[in-house]
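Read through the structures below before going on.
Below are two complexes that have subunit A in common, paired first with subunit B and then with subunit C.
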Partner chain A sequence: MGQRVAIIGAGMTKFVRRAQETGKELAWQAAKAALDSCGLTLKDIDCVSLGTAPDAFDGVHMKGEYLSDGSGGWRKPYIRHFVGGGTGVFAPIHGWFHVASGVFDTCLVVCSEKMSSCHPHPQGAFKTIFDHTTEQPLDPTLIWIFALEYNRYMQTYGISKRDIALVSVKNKKNAMDHPAAQLPMEITVDDVLNSELLAWPVNRLDISPASDGAAAIVLAGERTARRLTDKPVWIEGVGWNLDTAYWATRDLSYPRYVEKAARMAYEMAGIKEPKKEIEIAEPYDPFTYKELHHMEGLLLADRGEAPQLLVDGVTQRDGDRPMCPSGGALGVGNPISATGLMKVIEIFLQLRGEAGKRQVPGNPTCGLAQAWGDLMQVGTVIVLKNR
Partner chain B sequence: MALSERIDRNVDLTHFEGKIPVSYVYTYGLGLEKFFRAIKDKGEFLASKCPECGTTYFPCRIFCERCFSEISDTYKVPGTGRVESFTVCHLNMDGTKKETPQVVGLIRMDGAEDATFVHLLDISPSRASIGMRVKPVLKPKKEREGSILDIISFKP
Partner chain C sequence: MELEKLKMGATPLKETDVKEGKVLSLAMTPDLSYAWDNGVAIGRYLEELKNGRIIARKCNKCNRIMLPPRMFCELCWRATDEWVYCKDTGTVNTFSICYVNWDASRIPPGQPPHIPAVIHVDGASHFMGILHVLGEVDPDDVKIGMKVKAVWKKPEEREGSITDIMYWKPLRPAKSKKATGRR
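Take a look at the complex of A and B:
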């Protein structure tokens, strides 16, 4: 390995249903805030990595090129990467390649998404991620996949909708302390169960919203990081993995690809017992059951046991294993790529003790963020430590 | 209430409408062409099996994603299977309510057990269950046109 890599700064916009700002303006706001947070200017940045989800959301073809100015790409080594919903956590991994290799010393990592341009709703764009010959003629919606997986997960382990609904209650409440949150609210399990039924077993309050927003971080090699901050947060492990291209054929009750991504990251970070060593996590929660499903894939709960940890309060901010202290995609919002990076930023702030009202007790030293995407079969994982 | 009604705010100079004017002509590909010809002409269902690692595919494919071997043969399966999971959809793509809820199933195919296949289930939502046996319903031969919609649905 060329050199150790730290996150030294972070910034993000509010997540909203429809921003007046364009995607590139959102990118600039987040990137500028990230640079300001560590006292750097664009001149100090060696290279830029952009993460953004399908071009069809924005209705802008070659979105990487379109977002380049707002991302700080002018006359720099600049590249866009994309693994669907997994993009936001792949973003710091992609930036890490640049700096860990020793080729660059600083990297600005930006994720920007403007889903509201897609009219009347990004469902139309999501439809075209399905196979054009065998699936699109059936008029599928994205919710099919989740509903089928949710049902399979419940059936395999005998889990109730009532227990799973608690994820929404917890995360939307956590989001009340997040200044960028789109859907912070205090709700009950019955509110979730009585919200509009979209595709059984998925109700309206089981789903994260479509959002506009951007997030950005600044990465630096070890020597530069130590010179610029006394609170660097180190990227200690990275992992990513892809399951079958035929999504319907996956094991729907267990995300094996997340486990493989997690094991890759744990091995790099020297983590032997994730349940003990990962003190805080931001698993991807675009749907309620996914937080639980992903905790199991991340080996932070035994298979089928995550709901019990939730019911017992273990995953609350003041519990032994806090999950989504930010409020997650369910509470803060879900501008696809920016969501994953928001989760990385949350762990960064928590490990620096700078999460304000969201700060978990006990001075955590090691945390992870995870996202999931493509045709719902890619897992991306990053492990961060503050020492 | 449709999503389109909810998000439109008619404020001066904030937004305008646009579209990307493209359309496409897709080929079936070498594997799926055989699959759809068999349904259209004979009302038969073709699967394939990797000669190296034994992984089964439905519909038939020409290569194995696991070991990268070429798969040149196909074989007939009955088209029947077992429901692995299901959902009941209540909304249309634009957020409006469906007149009748639509049941969608993941079906593990008999004779190609590594494969599950997604299609519509012709059954009332209250009768759908994981594990139930289902069989395909085809359109009459003269109406079949080589589409996944030649299979109308699966029913118990």
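Take a look at the complex of A and C:
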């Protein structure tokens, strides 16, 4: 490997249901904020990596090109990548390739999403995720696959909806301390269970919202990072993995692709006992049960045991193993690719002791962010350390 | 740095801001249409559905009988070997009871919900499931592990589509009398 890579700056916009700004204006706001945060200008940036979700949301063909000026990509080596909902955590991994290889010394990583353009809602775009010949004729809604997985997870381990609903209560409350949050609120488990039943076992408050928003970080090689900041946060492990796209043939109770991605990242980071060494994490939580499902895939909980950790308060901000201290997709909002990068930014800030009211106690030194996407079968994982 | 000190972009709009013309926007519906080729494996699969049969494809290296059928085994990375008929019965691996249509509209009260399910089809390898829907069953009676049987359209109405199976119903009649059809 060419060199160690650090995150040295970050920025983001608010996450909102519908923003006045276009996707490229959001990208610019987040990218400029990220550069300002570490005292750099675009001239100091060697290359730009953009993550953004399906073109169908924006109704713009070749969104990579469309968002390129707002992302600072013109007259630079610029590339867009896309792995569905996993994009936001793949974005820093993709930036890491550029710098770790030694080919570049700095990389601006931008994720921008505008889901509101698909008006009044993006369900038509979501439908095209299903196989056009064998599944779309059944008129599926995206909620089906989550409801089916949620039910299988409950059934396999005997978990109750009541326990899973606690994820929404925790994350929306955590989001009350996040200045970008779209859905911060103090609610009870009964509020979740009594919210509109969309597709049993999924109620409305089990689901993250559709959002507009952008996030950006600045990556630098070791020498440059140490010159520019006293508090670099190192990317120590990266992992990604794809399971079969015949999703109905998978064991829906366990995200094997997340485990494979996590094991790859842990090996690179020298992590032998994730439960002890990963002090704080941002698993992807577009649906309540996914935070728990992903904790198990990340080997941060035994199979079927994540709900008990939640009930026991272990995953609260002041617990032994805080999960989604930002407020996650459920609380901060879910502008697909920007959500994953927001999670990376949260771990970056937590490891620098700069998370403000969201700061977890105990000066954590090692954390991870994870996202998940495509047709429920891609896992992306990044491990960060502050020394 | 702290996020609290950041000047954060994204100006939130309300639905009324757009409706009342406080901000301007342009509405457009793309004019796109597609004709997807069914391919070799799925083409045969659909032809057999038209005949009222479910067909799978077997790899003689890993011995998996795969559904939906495929001309290459993605695990052994070799061409698959033979066609194998499955039964039109199976087991519910998981299900949902859905009150929302694909376009986010709600099913009116009193109308039966959609019951999507992953069904493991008898005769295919373990865990070879397909997405389909259940019918002729009270939602309260649906259970994971339940045995189900395909309910086919009449032969003259079949068109070589996954919807030639209208839905799957319990193999054994339900005790409840509230059983309803799909939509």
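Heads up, the rule we're going with is that the second predicted complex is superposed on the first by the 387 of 387 C-alpha atoms of A that agree within 3 Å, B and C clash if a C-alpha of one lies under 4 Å from a C-alpha of the other, contacts with A are read in each partner's own complex, and residues count from 1 in each chain.
By definition in this document, a contact is a pair of C-beta atoms (placed from the backbone, for glycine too) under 8 Å apart; a residue touches a chain by one contact, two chains touch by 3 or more.
Only a predicted model underlies this, so the values are computations on that prediction, with no experimental measurement involved.
Student: With both structures lined up on subunit A, is it a clash or a fit for subunit B and subunit C?
Tutor: Once both complexes are aligned on subunit A, subunit B and subunit C clash.
Student: Classify the contacts of A:Glu21 with the two partner chains as first (subunit B alone), second (subunit C alone), both, or neither.
Tutor: So A:Glu21 only meets subunit C here.
Student: Is A:Ala248 contacted by the first partner subunit B, the second partner subunit C, both or neither?
Tutor: After superposition on chain A, A:Ala248 lies in contact with both partners, subunit B and subunit C.
Student: Which chain, subunit B or subunit C, is in touch with more residues of subunit A?
Tutor: C
Student: For A:Ala10, is the partner it touches subunit B (first), subunit C (second), both, or none of the two (neither)?
Tutor: In the superposition, A:Ala10 contacts subunit C only.
Student: With the two complexes superposed on chain A, say which partner A:Gly213 touches: subunit B (first), subunit C (second), both, or neither.
Tutor: A:Gly213 sits against subunit C, while subunit B stays out of touch.
Student: Identify the partner contact of A:Ala30: answer first if only subunit B is touched, second if only subunit C is, both if each is, neither if none is.
Tutor: Only subunit C is touched by A:Ala30; subunit B is not.
Student: Now for A:Ile187: first (subunit B), second (subunit C), both, or neither, which partner does it touch?
Tutor: A:Ile187 sits against neither subunit B nor subunit C.
Student: Go through subunit A and flag every residue that touches subunit B in one model and subunit C in the other.
Tutor: Touching subunit B and subunit C on subunit A: residues 17-18, 20, 59, 119, 121, 123-124, 127, 132-135, 137-141, 143-144, 147-149, 151-152, 155, 197-202, 244, 246, 248-249, 252.
Student: Mind pulling up the subunit C residues that touch subunit A in the complex?
Tutor: 1-4, 6-15, 18, 23, 27-28, 30, 34, 36, 38, 42, 45-46, 67-68, 74, 93-104, 114, 116-118, 127-133, 139, 144, 161-163
Student: What part of subunit A is in contact with subunit C in the complex they form?
Tutor: Touch residues, subunit A against subunit C: 9-21, 25-26, 29-30, 33, 37, 59, 119, 121, 123-124, 127, 130, 132-135, 137-141, 143-144, 147-152, 155, 178-180, 197-202, 212-214, 244, 246, 248-252, 345, 349, 352, 354-357.
Student: Under the touch definition given earlier, write down the residues of subunit B that touch subunit A in their complex.
Tutor: 2-4, 7, 9, 14, 17-20, 24, 26, 28-29, 32, 36, 57, 59, 65, 84-91, 93-95, 104, 106, 114-120, 125, 130, 147-149
Student: How about subunit A: which of its residues touch subunit B in the complex?
Tutor: Against subunit B, the touching part of subunit A is residues 17-18, 20, 56, 59, 61, 116, 119-121, 123-124, 127, 132-135, 137-141, 143-144, 147-149, 151-152, 155, 196-202, 244-246, 248-249, 252.
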